[in-house]
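Below: a set of structures, written as structure tokens.
Heads up, the next two complexes both have chain A, just with different partners, chain B and then chain C.
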Partner chain A sequence: MTNYYLQRTARAILTIWVVITATFGMIRLLPGGPLAQLEAKLLRQGVPAGQVDAMLQTYQNVHPDKPIEVQYIDYVVALLQGDLGTSISRNKPVMSIIADALPWTIFVMVTATFLIFAIAIVWGALMAYREGGSFDLFSSAASIVLSSIPFYVIGIALIIVFGYQLELLPTGYRSTSGIDPESGLLVFFLDALDHAYLPILSMVLAGVGLQALAMRGNAIQVLGADYVRVARLRGLPDRRVAVRYVARNAILPMYTGFLTLIGFNLGGSVILEEVFNYNGIGYYMFLGLDNRDYPLMMGIFLIITTALVISVYVADLTYGLIDPRITTGESNETY
Partner chain B sequence: MAQTDHPDDPIATLEDVSVTYDDGTSFVLDGVSLHVERGEILGIVGESGSGKSMLASSLLDAVPDPGYLSGSITYRSDDETIDVLELGQSELRSLRWEEISMVFQGAMSSFNPTMRIRDHFIETIDAHDGNVQAGMDRARQLLADLYLDPDRVLESFPHELSGGMQQRALIALSLVLDPELLVMDEPTAALDLLMQQSILLLLRELQEKYELTMIFITHDLALVGALADRLAVMYAFDIVELAPKQQLLSNPSHPYTRALLNSTPNLQAPLAQMRPIEGQSPAPINVPSGCSYNPRCPLATEECRTTDPPMDAPAPEHSVACFYWEKAQYEIELNYATEQSGGDYS
Partner chain C sequence: MKPTETDGGEQPSIVATATDEDGSFSFEYDDDDIEITHRERARELFDELIYKPAIVAVKDRRTVIGGLIFLGYLLMGSVGVLFYPAPTSNQVDRSIAPFSTMDAPLGSTAIGEDVLSMIIHATPEMLQMIFAGGIFATGIATLIGTVAGYKGGRIDRAITSFSDAAMSIPGLPLIMVLAVVFRPSNPWVIGVLLTINYWAGLGRSIRSQVLTLREAPYVEASRTMGVSTWRILRKDIIPNLMPFILVNFANAARYVVFTSVGLYYLGILPTSVENWGLQLDVAYKNAGALVADGNLYLLVFPMVAIMGIALSLILLAQGLDRVFNPRVRTRLAGESESITDDADEQRSTELIH
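Coming up: the complex of A and B.
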């Protein structure tokens, strides 16, 4: 058992290390990369060559004159100290951009994922209890339709309806300019909420269908199980059967999906935040792509990968705690 | 259909009990009448799909949806007579498990996989407003009677117990509210032969200790023969013959019973004499008219094809649904010696 935890931990660390090393290699191997472009640009502007080299060294900790292994070690040490280099386009440390943007993305994506699962569990269970009825048929159809529309299409539609036509909610940005925590925490929070409604709603609408169908399938299977029939015959109150028997056993298989979806959604924030002009890490990722700002891209890429690895890791470690049948966890690796 | 035996103290009486699906077009239980005497072990034998499990579920008015249960089922406790099919939800809830309890096919799937065995006992006692302390003492005693270590079993999750242990824990769970009647539907089907035998012994001990009435449903004639006081044979959703065990084994009177005994592996009968029953048992949607066994019966006549035979009594307490039971007794030979009949069954 200890062995299992060690193994999963080692694997998580290894995955992150591979990503770090890959970014190190990529930034040096890409021909015509941002550094060459920048160097050429600066030289053309008449900046002395020595000064150009010095500037380049501050970006992304690149010291072309040192041996490669020393560069690599410097790079990793800098990363471990939280130094992701300096953004070329924004002229700020990447770490401070991420520190500013990440909480917003986490707020939107974690809330959206929680809502997706909360709604899907109740909705799916209701469908299962009324299997074959008109509610079930209508809901199944609706879930399939919803999950076949991409979230950015829903997002754009929501912006048009609620932002421009009804003028109920802001059409973009993560907060109104001028409002910050100093304007009062409640005011700030309500303002942030106002800006988060539509991004969250579009994620939920697009994501809830599939999860509801999964819950429906699980719950139908559990409802047909012998132990539910026996529990009813033993005279247990319907509430207890619904919660301890049906819900518990139907939700368990969705737990890993829930944690990994949080990780995936953090990565999927690029398009969402672009649609909503929402200044989270996805927004800056896109900005980095647009400006060939490699340090910024790489930094956010590292953060997103790390988030995914951590969510899978947490799922692996905790599944055994919530499902008594999994003690070693070996039969239940997430990936 | 007339019932020919009249026990003095029936604990449960079924009159013309039917279960239908598809708006009455398919019968999965077709007018069964039966008395269960207090304190006996009644074995019900039949092949797969003969309606055994439906009979068991009917006793608790627990036929799976959308089945429709009709007829009359009367349960007599010490002081009152209860019409089971007339009960409301809450009365039915207290009848089940407190008076009539059931052990289902497949103990492995009868426990909630994410709950400890202890919680199954506690919630059952709780749901029936019992005293949890006293109930758990009883549970421990029952588990000990079944040769289980109460502390270990109660603390376990279902998957941590072997099949035989789960089966015994399930029997203890079914007896925790001190029911009068225990209905067991293939309780040993998933177990190996040694475990089957030891469970049978334990059931006999429990029956004596707790003065239980038991209905033991199985497809395994040899198994129930060792345990039961009386045997009922089901064919095509109805009981075709019912008699005390010795009587049924030494003097089977329904052609189906005789054929069934001849097809059962038996130490006294040479292997070459084992006979399969030709044809197959009917499906619920097209049960033959008249006697449901007539297409497979060597003695069938025109009468059998048109008229459903009533119960006749070859001997006291022995009833059989056949016009020609006398003819069957000498025309269909048994492949085991009659004088030793039942020797290896009891």
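Coming up: the complex of A and C.
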């Protein structure tokens, strides 16, 4: 068992290391773009060449005159110290931009993912209990239709309806300008909530269908299992069968999906936050892409990856605790 | 799946091999010994890949509806493109309302492009991306999953570590970064790029399916007869996974649609081709004005186009999953299909993003 945990930890670290190395390589592959432009611009403005070089080096941690392995070690060391370079377009350390934006994204995405699973579990279980009935038929159809719409399309539609036509909710941004924690925590919180409703709603609507269908499938499978039949025959109350026997076993396979979906949704934030003009990390990543601001882009890419690696890691480690039947460290005969 | 009917011609004649000229007894045979003509092989392939799935497919309403919608897109992308003129600015009057003239049945944009034409001419690239992405993702996943699951041991560990690492990298940001670095414009390349790490999760679930298959009696029989690993994978393992792979092909295709439209919407992919995402982007930039002028059709039609193709793919995936999965135990006795107990709970339901 310990062996498995060690291996799993090593694998998580390995993944992050691979991604760090890949970003190191990609930064050097990128078309000369921003730095070359910036360099040309500064030189034209009459800034001395030496000073330009020094400035460029503080952005991005690229020191072209050093040997590649020294550059690589510098890069990794800087990352480990939390230094992701300086954003070219914002002229601020990437780390401070991320620190400002990340809580908003996490708030939206974790809430949305949590709601998706809460709704999907109840809805899917109801469908399974009424399998074949008209409720099941209607719900299955509804969840299929819902999941055929990408979340950003739902987002656009919601903005048009609630933002522009009914004018009930803001059409974008994460808070009203002028309102910050100093103008009263409650006011600030309610304002933030106002801006978060639509992004969360569009993620939930787009994501809940398939999860509900998955839950339905799991629950149907469990309902047909022998141990449920035995539990019924033993005369256990329906409620106890539903909660202790059916729900537990049907929800188990969805646990890993829950944690990985959080990470997956963090990636989706790039599109979602662009649609809603919501200043989270996805918004800034797109800004980085759009302005060819590579330090910003790569920094956020690293952060999102790390978040996903950690959530999958936690899912794998805790699954054994939740489902004691899982035996880790399988040994199969080699053919 | 139904047990395949065998007719004599397809059976490799082991007896003939056993009485070779040198008299040595051997279960070994290679492809030359099996007398299957190309026509027979083609017919077998047709039976396995098209005829049998088609028979089961039409029994499920979802598959039929999904298939018909998808066929519509195929026609639109092949024949429609040939007969319907491509969109250019000022081809019709500017800002025509939809359903008012046959020149532009779905209306026109502010610069006089025919909306219907834009939707039709975005289809071929979309279909190419779907096929490229679907084939790439399912192909790599099948290869990696079957080899890892069947071989086991060190190879399994190496492949699993690799695909776990690939799975831990968030797809969308990775694709965006790569799209900026490589600036792909060929739809086939874009399709592959979009599924650059989609195969990893799929490979993992194929592997777990293979883990149960590898101990099946017929696989063991092949193994004791000394049949090569590749042949076992090709003849014994992969055909049994075909339904699962098909279902996931449809899922991967839906993922390609969503991601590509999203990236075109963001303007990250080069804008040399028509795409529904581009239409959304252009229309949504003036959302406020659209609402005021009642020009919402500019947003609605591309949305419908995206929904339609995604809906068809979902229906196909769901329908096929149900048709091919006799394992779903149903409590309705009359409808229950044959129930097998070899089910491991790792079914396609887990893999959905």
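As a convention for this text, the second predicted complex is superposed on the first by the 325 of 335 C-alpha atoms of A that agree within 3 Å, B and C clash if a C-alpha of one lies under 4 Å from a C-alpha of the other, contacts with A are read in each partner's own complex, and residues count from 1 in each chain.
The rule is simple: contacts are C-beta pairs under 8 Å (C-beta built on N, C-alpha and C of every residue); 3 or more make two chains touch, one makes a residue touch a chain.
The shown structure was predicted, so the numbers you read here are calculated from the model rather than taken from an experiment.
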Fit or clash - chain C, chain B, common chain A
fit
Using the touch definition from the top, say if A:Ile159 reaches chain B (first), chain C (second), both or neither.
second
First, second, both or neither for A:Arg244, with chain B first and chain C second
first
Based on the superposed arrangement, let me know which partner A:Leu289 touches: chain B (first), chain C (second), both, or neither?
second
Which holds for A:Gly235: it touches chain B only (first), chain C only (second), both, or neither?
first
Report, please, how wide the angle is at the C-alpha centre of chain A between chain B and chain C, in steps of 10 degrees.
60
If you stack the two complexes on chain A, which partner ends up touching A:Asp323: first (chain B), second (chain C), both, or neither?
first
Touching A:Gln81, do we find chain B (first), chain C (second), both, or neither?
neither
Under the stated touch criterion, which partner chain does A:Gln221 make contact with: chain B (first), chain C (second), both, or neither?
second
Quick one: minimum Cα-Cα distance, chain B versus chain C, in the superposed arrangement, integer Å.
7
Could you list which residues of chain A make contact with chain B in one structure and with chain C in the other?
225
For the complex, give me every residue of chain A touching chain B.
225-227, 229-231, 233-237, 240, 244-245, 248-249, 252, 323-325
Where on chain A is chain C touching in the complex?
11-12, 14-15, 18-19, 26, 29-31, 131-132, 144-145, 147-150, 152-153, 156-157, 159-160, 164-165, 171, 210-211, 213-214, 217-218, 220-221, 223-225, 253, 256-257, 261, 263-264, 266-268, 270-271, 274-275, 285-286, 289-290, 292, 297-298, 300-301, 304-305, 308-309, 312, 332-335
Touching residues on chain B, where the partner in the complex is chain A
60, 62, 64, 93-94, 96-97, 102, 104-106, 109-115, 123-124, 127-128, 157, 159, 173
Contact set on chain C toward chain A in their complex
62, 150-156, 161, 164-165, 167-174, 176-177, 180-181, 211, 214, 223, 229, 254, 257-258, 261-262, 265-268, 280, 284, 287-288, 290-291, 296, 299, 303, 306-307, 310-311, 313-315, 318, 327-332, 335, 339, 343, 345-347, 349-350, 352-353
